[in-house]
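Consider the two complexes below, in which chain A is the common component and chain B and chain C are the respective partners.
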Partner chain A sequence: MSQYGFYFDKEKCVGCRACEVACQIWNESVQTVKWRNVAMAVEGTYPQIVSVNVSLACMHCGDAPCKKACPRSAITKDEETGRVTVNQELCVGCMLCLWACPFGAPQMGIHGRMEKCTFCEDRPMGLKRACEEICPTQAIVSGEIEMLANFSKHNVGNRLMHDENPGVILGHEGD
Partner chain B sequence: MDKFTYFWCLIIVSMTFFLIGMYRNFAVKIGYILWVNNSRKNDNSIGWRRKLSRMFPIAGRKTFVNEAVFQRRIMNRSGFLWMRHSLIFFGFIIIFALDLFLTFAGHYAHHYFHYNFFMEGAGKAFLKIGMELSGAVLFIGLTLGIFHRLIYARREKTYIDLKLLIMLWLVTATGFASEAVRLADQPNDSLIAFSFLSGPAAQWLREAIAWDWALLENWIWSIHATFAAVFFAYIPYSKFVHMIAAPLGRSITQDGRYAQQKRQRISEGLL
Partner chain C sequence: MSQTNTREIINDIRGTKAVPGVCIVCPWHCPTEVFVRDDKVVWVRGNENAPNATTRCVKGVSSIHLSRDPDRLLHPMKKDKNGNFKAISWDDAFSYIAEKLQEIKEKHGPEAVAYLWHLDSNEMFSQQLFSQLYGTPNWSGHGAACDQSRRLAGIITYGHPLPTKDYENSRFIMLWGEDPLGPNQSLHENRELVEALKRNAKLVVVDPYRSRTAEKAHVWLPINPGTDGALALAMAYRIVESGKYDADFCENYIYGFEVFAEHLRSNGYTPQWAEGITGIKAETIIELADEFAETKPAIMDGLKGIVNYSNGFQSLRAIFTLNAITANIDGPGCLILKEAGPLAPPLLIPEEDVAIPERPIISAEMGYPLAPDIPSQLFPKAVLEGDPYPLKALFFHIVNPAMSDPNTALFKKMMAALDLSVTIDVYMSETAQLSDIVLPEASMFERAEVRESLWSGPQVIMAQPAIACLGDSKPLYEIMKGLAEKMGYGKYFEWNTWQDWAKVATANLPVSFEELKEKGVWHGELRYHKYLEEGFMTSTGRIEIYSEVLPEYGYDPMPTFDESGRAKPDQEYPFQLINGKLQYHCGTHTQNNPYLMAIEGENWAQLSTQDARRLGIEDGDRIELTSPVGRVEISVRIVEGLKDGIVRVVHGHGFGRTMGSIARGKGTHVNPIFDSQVNHICGGIGYNECKVSVRKVG
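On to the complex of A and B.
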């Protein structure tokens, strides 16, 4: 089984919410509430101000708590891709999945059933997801989780070299 | 076999299935959610009160009233859906509570506590009116639900399980039929006037058909009891589980605001 997921870089996100819009447009036929949300936090007062934008959707967890919390077994994890989806026919809209989810991903749709990111179910897996494709700063990257882990290592290494100019060369496995 | 012996045998089997289902499909899930929410917290500095409130965010009274009692979310979707659901919800809750009370107060508790109020007095008349009224409300709600499901549900993308609606409709319909047949057999019942729906139906039955009403009452009552027992046993294994899970989940997640709080905590943690 492959486990697909998202990589999100908070340093790159500018909080434009294009990912939210792209997600809504691509999934227009099945989406009635926002599946992806950009949460913003600000601390301090001008000019000593720190802020962060975090684009959050379902993380399609390996051991999904929402799936275990559902009293109707309406949430399933796809064997091939690892994506976690809600079967609307079985869901009763009790919101226990939201209570269990650490990211607040499942949302109550207007039809009284839970909705969440489907990892753009109708897009072939080779293509970028809608949120990833639109992101102007490439803050969102999707793919297999091993690839994303390597990508993250590269990014952290590169950033450390660039920002801090340390007296060390960071190595990494693979190409 | 006496009909009450049959009833208690049914109840024991039905409640066994109900409790097993509630344990597997509800209690275990709630236990898991509490455990998983608690296991994520590695912050020992926040104190047990805050820890407990994060693990089990007890719903505010206003949220509970809005979400669990008046089901504001359904009202926001459609006035008709809300009315239909409210008729079923309030009808079911009230008839269930009154029936439970009547069973114990009218059939069993009087052996130990001596009273006449709920045996043949004003108390029983009140229970009769209450059950008749709530039963009618439930019946209307279920009938509207079935028609709506058959005619409009596909177009409106609602996900109502027709067979469950029909099952509860049968429980209610056989309840009324059982009371009407009982009154057809006992036309001199002192409280017949308080059965304002079953009473006239009983009179019509008595005048229209000549039958052994006592025997028929036994049969219809037993069918009603069987449908009711199957219904209760089926609750935790079907969409009926929302009767217990949805008020709890919706109150605790504060109609979704809980999601926003979680996301906000994550972004604050990354500051």
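On to the complex of A and C.
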């Protein structure tokens, strides 16, 4: 079994919400429901202000709290990919998944039934997800968790390589 | 994570056919792929053969609605005696227009007709018909409302109208009144910008508003509105005085460096002088000037926040000069003097048949001989007062000056006085409603376009029709062909399908028509430092800090700082009004899009926290903005990232119109408070030359 997931780079995200719309269009979800959401937080006072944009969808958690919370066993975790999906036929819209999810991913859709990111179910693994395909700055990256962890390390390493006054010196072996 | 040719995978999943296209929502024209099933667009994304790859901005991905919007124009229409639109046939529409045009030509000459357009390369057909055959000199883009100052500053300084950016290799990037990451620009440039920041390139943003790009900047300089020129000149002063300029480059490739150095000294353009004007500390100016001069390669550029001021042209000249004296031009990591691909005109009109206009373009007689596009805000003067000469007919193609130009009341008066007014558009725009004839154009999903892209090297896009035209709508090239036939110029438009003319247009490209059609883009080699062999396209072949052209027309040959045209706040109107664009909308034609309207359904005026508190205004309150020429009521958004004493508005909303069921009644049309200001030299619209008072309503 493998676990697929998303890597998100807040430094690259410009808060444009193209991922939200891409998700809606590809997955033909109704417009009042957003499987992917961009949140923006601003702090500080003029002119010292900091802000951050975060694009969030279902994390397809390894140990999904929504799955445990669902009294109808409507939520399953795919053995092969780690996708967390909901069977809407079984869902009764009790919203316990919504209470359990730390990220607010479950959305109440048509007929009050839960729906959320399916990790673009019909896209074969290896192809970018719809949000990722569209993201202008490529702040969203999908893939196997191990690969994403490496990708993240590589990014940090790259940063140090270009830092003229690094606070850390990386040791290395050999030449 | 690299992916190549994923088009077929998507076609397999969705049972679609992918058709290369181009996005014309904004002027950056990113190449696209349109996935179609049963004549319906089901998915859109960027063209993976192009530098933007599969990415789209939020407006681009939302544009899919345009292919299925029931509110679109579907039939040609003509106003009856009571002012109501009635559907007519294309044949009747063409006959009526051709007849009127003949009458006007006989009575007033062809120059009494002006054709205003926006950003579509199919405009070459209207150019041939109106300019080359009918013979009016007044065929013009709508740049007066846009980048006019930058274009002219580029032409005068570098001999190039549209320098692009090589962020990828840049180490110091300073953007003035430019927000690429917000309202968006070329997608590949934006991606390269954030990637450059990852590699520790430094980003400085000069803007009184903390824009999306300013959010990512290492240094945000909230400057006093309209004083960018002073800051740029003070930086130049420091670089020249400290000897940090590139002496070799200045000697060999710049015209007028020595006189410019003297000009800086004699005018006293010192950092201390600029501090008092810009509100930016002299020590900060010195520090930034030093860092910029010492960090190579670097980019200095500016856009909307500069061009909307009366002195925008000279400010941009000063900004462009900074690139020049540090040798940051046309190299990796610099502004690039973009090369175009070898596109040919789709049809050639024999030289002896090309009409030679008897009168010059109207902007020259309006007093703006160097304006790249006609200052369209002066059309009412020409129509209503015959100044400088009478205009009797106006054509508007995908431009909507009733919404985008200042002084809406005057515009309406002008429209009523015309002998003929024709709007070619996808929607029943505000301008269309004021016209006699409205012609429905096919959307970008339904027509072909062959054009140069805005990539830094030569790149040609070949967009193709993905679905059938909605209703009776037609692509512009077919509209021009139909009209040409009625006007007696049919023999010049002898092609049957778009492929016929596209083959002619792309004949010189080193790629087969079939391959271009398949990929949708072709790109050549991105060459750097072209000036080493070819020089610059200015009159002296060098970068002209001292312009040989400007003094011929009585303008200052060197970048200066001039506040004489500024509308400065006073006791009666204590706030400076500045303009911005929304990240989620473009101009006046995305307000009927349900995806975008769900994100941002109205426009608003922004006030700083301090100012709002002082005036007892809370977020979401309604306020009245009053300028010397008009007043509007609008909702308030209070923001931390805005300098005090400023009201920032975004335009484009506020349609009371029949354009679309989603757009109707949402937001506020702010343009009635703008005066018809004309920017010095370039003729652009001075939207930001506006002072207002603020009053809470209710």
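Heads up, the rule we're going with is that the second predicted complex is superposed on the first by the 157 of 175 C-alpha atoms of A that agree within 3 Å, B and C clash if a C-alpha of one lies under 4 Å from a C-alpha of the other, contacts with A are read in each partner's own complex, and residues count from 1 in each chain.
Convention: a residue touches a chain if its C-beta (ideal position, glycine included) is under 8 Å from a C-beta of that chain, and two chains touch if they have at least 3 such contacts.
Because the structure is predicted, anything quoted here is derived from the model rather than measured.
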For the overlay on chain A, clash or fit between chain B and chain C?
fit
Once both complexes are placed on the shared chain, angle at chain A toward chain B and chain C, C-alpha, multiple of 10 degrees:
120
Touching A:Q31, do we find chain B (first), chain C (second), both, or neither?
second
Thinking of the overlay built on chain A, is A:D122 touched by chain B (first), by chain C (second), by both, or by neither?
second
Based on the superposed arrangement, let me know which partner A:V54 touches: chain B (first), chain C (second), both, or neither?
first
What is the contact status of A:G143 with respect to chain B (first) and chain C (second): first, second, both, or neither?
second
Applying the document's definition of touch, where does A:H154 land relative to chain B and chain C: first, second, both, or neither?
neither
Counting only touches as set out at the top, which of chain B and chain C does A:Y46 meet: first, second, both, neither?
second
Between chain B (first) and chain C (second), which, if any, makes contact with A:Q107: first, second, both or neither?
first
Once both structures are overlaid on their shared chain, how near does any Cα of chain B get to a Cα of chain C? Whole angstrom is fine.
12
Output the chain A positions appearing in both contact lists, the one against chain B and the one against chain C.
51
Which residues of chain B touch chain A once you look at their complex with the stated criterion?
25-26, 29-30, 32-33, 36-37, 40, 73-74, 77, 157-159, 236, 239, 241-242, 245-246, 248-250, 252-253, 255-256, 258-264, 266-268, 270-271
With touch defined as at the start, can you tell me which chain C residues reach chain A in the complex?
1, 3, 6, 9-10, 13-14, 43-46, 54-58, 60-62, 64, 181-182, 184, 187, 190-191, 194-195, 197-200, 210, 212, 215-216, 220, 222, 583-584, 594-595, 598-599, 608-610, 640-643
Give the list of chain A residues in touch with chain C in this complex.
11-12, 14-18, 20-22, 24-26, 31, 42, 44-47, 49, 51, 122-124, 126-128, 133-139, 141, 143, 151, 155, 158-159, 162-164
Chain B contact footprint on chain A (complex, rising order)
10, 37, 39-41, 43, 50-54, 56, 65, 68-72, 88-96, 98-108, 110-113
